[in-house]
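Next up: some structures, all given as structure tokens.
Next come two complexes built around subunit A: one with subunit B, the other with subunit C.
== the complex of A and B ==
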């Protein structure tokens, strides 16, 4: 369908592959080559692929995006509002167009036993540490974007929380896209995080734009939680309304590990996230929280899959969406309970609020159960603001716009309250009340 | 304060109110009684401005202004408060937040300074004592999981905080046990004063043992068929609504409030 553009990516790869980080390391080269051959095999997804039925990537696939060059030297911190206003006390890695920017980052006082460094450096100087990990959490059947990320993987964060280490401050990865090049660019963030046995950490990924321009972020994060590890993971995607964002989050959980993913999608013209959680050993628990907020003509797609592979694991998934204007969202939540996964407890809920007549959501909960002694439930709702509630608030003197905004916030509130970091809750509250709720997009039909 | 003249209103094309006349002055408490389907709640909803209640004839003057031209929130900001028969539950909005937002909207409309968080908390702590509510209720979502009695007390709390000029209580006694009824009545009574008018819509006389009305009106088939003082309510209690139907007070309507 997009043969010429796909060939362009292949040609570019041939030109740059040996110069990419770890380009001289045979196993790294094998990983990349496998990514490229997978891409040649499947190409970009089309609506004919069941998993892409509601998300047409033509606007991304119809033109080539060139790999973004390392240009962080041109950026100084004062241009980065996100750094200026950031109140989070964190270990911070900033990436500009996908490349680590040490000058903007702050990794002082990392406790011993904890590694947080650029993946580029890790591939260049200590690749052997990564050999058994990189690419292991990713599913075997990558879609075209994930395959491209694997071929072009360049930089990102390499995180290892040592055995029994507890990190007091979150690790924050901030991906800034400048979007100021003439030719549209793509960055390929690739993060690898390993929480060793008994460790505890909070990891936060943020994606932001400097300019309202067209570019592509094609990211993958792999996260391993080993025995009894506890990880709170956040992804905040707030790129510009012209940007494209495709991201894979791939998690493996070992025995008695606890991982909470908080997946917040607010930006992008087309934003797609694939979240795969594999519960690989007994007693693992995964909580999947998600909030997506669409306005204008945004298209936000969240695909989640939880694999219960063994007995006595639990998962609790709760995604909510607020759609205004002509925005469109897709939620596809698949839970697979494998044959040996007796005593699985898997819950899933997806609730959507449509604020305008032209907003749309496709929600598809899907349970596949191959074990016979399990507790599973799922439910999806799509609704509008309750006229009786609006009337009630108005009858107390609150004007209609404020009443709607209050109820919209109230709708999202229970999922927002699941986000443990207060500054993120405040930011979302602000986003909901200011942008959606103070009338800018609320009616959206005009 | 409130002057209703020949008010006709329909719901989904069905005429419910068929010529209501009512005069309510500042400082007065009026009770509106009547059998089910007589139009009591329709009258309350028309006054609050709920969608779907179409006024087809007549007028409503509130402080000499045409009330029917006001939006729902303008009515509230101008000092009209309806305590609902069935208050809605609003998950995700805390009671405290609703009260603060509502009070500051009304204050802003009336040209007063908005209250700071500290001032507001001080105020609210006084007011909840009036309805004997625990502070934890302030932090719960509006009416969510509240019992019938708690919901009604919550309405009275809002009334106490917003201090309207005209309060309309729509069947506030329904679903209340005697203790809750006393609490609600005490709350209402403590808000009686020379500047404020209160309209109590009720099916039963019971509430009027605790909130003593100045005037009682009986509604039947969309009209005020009898008006009198509180003894009318006691008569009704004794004889039932059928008695009114047999003994209509044809001249009552125009004479009310004079």
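== the complex of A and C ==
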């Protein structure tokens, strides 16, 4: 379907492969080559693929995106509004167009036993440390985009929280797209985070842009939580409204580990996230929170899969969506309880609010269960604001627009209330107030 | 308490009660499929020209299609050239009374417990019994004719009422709808045709018994039911099939059309041969069932109890075209041994103020795999559409599977769509409570399972409700502990 463009990626790869970080390390080369051959095999997904039924990637696949160069030199902190207003007290890694920008980052005072560095440096100077980890969390059957990321993997964050370390401040990864090049560019952020036995950490990933232009972010994050580790992971996606964002987030959880993923999608013309959680040893618990807000002509697609591979693991998934304008959201939540994964407790909920005539939601919760002693349920709803609630507010003197905004805000805030870190919660609440309470979404409501 | 493993073993070894083959001469086409076969079938049935063309178009389209792969089932590839596409019992001239019917046939019905004789006197049910591909007997047609109801085989309808057939056949399930529907459209042998005139409430429940017989004969039934304005009909379909080792393909198409204010209630009890405990043999049941609510206030209700077949692939659907129309789907699906079921429904909301209800109960035992797959689609113009779906699964045994794949596509902000699903096994507390009150374990399980399915059973007509409960009891004999 997109042969010419696909060939273009392959050609570009051949040109740059040896120059990529760790290009001389045989195993890194192997990982990249396997990504490329997978991409040549499957190409870009089409709506004929069940997992892409509702998301047509033609706008992304019809033209080639050139790999973004390491050109952050011209960017100074003053242009990065996000850094100025940053309220988080964090260990900060900033990436410009997918490349680590040490000058903008702040990694002072990292406690001993904790490694936070650019993946580029890690691949160049300590590749052997990564060999058994990189690419191991990703599913074996990568889709075209994830395969491309693997082929072109260049930079990102390499994080290792040492045994029994507790990080007091969050680690914040900020991906800034400048979006100022002539030709549309693609960046391939690749993060690898390992939380060793008994460690605790909060990791926050942000995607922002400086210009409202078109570019592609094709990211993968792999996260391993070893025994009894506890990780809070946040992803805040605020790409440009013209940009494309495709992201894979792959989790491996060992015995008694607890991971909470909080996935907020607000930006991008087409934004797709694949979140795979693999519960590999007894007692692991995973919480999946998600919020997506679509406006204009946005298309936001969230695919989640939770694999209960062994007994006595629990998962709790809660995704909410607000759709206005002509936006469209896709939710696909799959829970697989493998044979012998007895005493599994898996819950899933997906609620959607349609605010306008032309918005659309396609939701597809799925349960696949091969064990009998389990408690599994899922629920999905699509609806609108409750007229009684609007009436209640109206009868107390609140105008229609404000009443609707307030209720919408309350609907979305349900998810944010589940976030453990107060400062992140407050920031998001502020953000939500800006977006929802100031009535931006009201255009085109019923 | 008896060990559950033993109980399951006992169940697994239960023989298929209805397994026997009646040896009668069949007028059977040799295996294989090409245009000639399609022409031969059409000719044998002395069909009008338009029908032949329709079949040929369907066949040519079928050649361009490939088998769907998305269902959650696994089976060996089917060799469509190894199937014989037509098989008719002898005596083609059509018997007028029971005496003229091949006694072997009557014997078969007797064994199946289809009270053809009895029904005449007691139940008042008109039976259009389909033995393989040709309708053998239609009872009570005179009584039905009095009120203007047409109830006959579809080949007869093609002779007597070609206009009606031409107008409605394929209007809900187009010939090229999917792989199996296209195949059916090309080679369908027979089936039932029902037409209820305006304002008529059909005076009795209509029923058909299908039975697959004759080695290697795929059965391609075609059912067409039209309920004209303000009419009502309740239609029952029930099936059993003989035991054999080869997989048999069954690709039926059922089309329902409900005009303004009309109501169609379609109930199925399906108990085809499920294959043996190792998954050998058994029927492949790949069915396309769809109804269209064409006018205001029309209502279509599907109720099904699926306990048979090696593989079931079936999604009775409703197109809610008329304003205020109603679609319902009630289902109990049971898989045991190595049975696989991928079943559910499609509700497409097109008109305003349309409502749909989906209640699906899946029971998996042994190594059975049971999947619910449903689609609720609300189109942009379907204001105030309302859907409620509930899918519950019960797991009996640790080697079976229960899966739920609901799809919801909503393009209208006034729609309210809800889906809920739960999966669990019978709770020890419930069992203990019953046991404590003196019920044997088996009775307790049977009671709990029946309670689990009650919401669906109460939608079945009386005759079927009893049969369905019995069927479930038999199918689950000692399956749980």
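Note that in this section the second predicted complex is superposed on the first by the 438 of 446 C-alpha atoms of A that agree within 3 Å, B and C clash if a C-alpha of one lies under 4 Å from a C-alpha of the other, contacts with A are read in each partner's own complex, and residues count from 1 in each chain.
Simple rule for what comes next: a contact is a pair of C-beta atoms (placed from the backbone, for glycine too) under 8 Å apart; a residue touches a chain by one contact, two chains touch by 3 or more.
Quantities reported herein were computed from a predicted structural model and do not represent experimental measurements.
**Q** If you stack the two complexes on chain A, which partner ends up touching A:378: first (subunit B), second (subunit C), both, or neither?
**A** So A:378 only meets subunit C here.
**Q** With both structures superposed, pick whichever of subunit B and subunit C touches the larger number of subunit A residues.
**A** C
**Q** A:339 contacts which: subunit B (first), subunit C (second), both, neither?
**A** Touch partner of A:339: subunit C, not subunit B.
**Q** Kindly classify A:365 by the partners it touches after superposition: subunit B alone (first), subunit C alone (second), both, or neither?
**A** A:365 contacts subunit C only, not subunit B.
**Q** May I ask you to decide whether A:124 touches subunit B, subunit C, both, or neither, giving the answer as first, second, both or neither?
**A** Neither: A:124 stays clear of subunit B and subunit C.
**Q** Is A:197 contacted by the first partner subunit B, the second partner subunit C, both or neither?
**A** So A:197 meets neither subunit B nor subunit C here.
**Q** With the two structures laid over each other on chain A, which partner does A:63 touch: subunit B (first), subunit C (second), both, or neither?
**A** Neither partner.
**Q** Kindly list the residues of subunit A that each of subunit B and subunit C touches, one partner per complex.
**A** On subunit A, no residue contacts both subunit B in one structure and subunit C in the other.
**Q** Quick one: in the complex, what on subunit B touches subunit A?
**A** 48-51, 71-73, 75-77, 81-82, 84, 87-88, 90-93, 97-98, 101-103, 105-106, 109, 141, 158, 162
**Q** What residues on subunit A touch subunit B, complex-wise?
**A** Interface residues on subunit A, with respect to subunit B: 386-389, 391-400, 402-403, 406-407, 409-414.
**Q** Within the complex, which stretch of subunit A touches subunit C?
**A** So the residues of subunit A in touch with subunit C come to 50, 54, 339-340, 342, 352, 354-384, 446.
**Q** In the complex of these two chains, what residues of subunit C are touching subunit A?
**A** 70, 72, 378, 380, 393, 395-425
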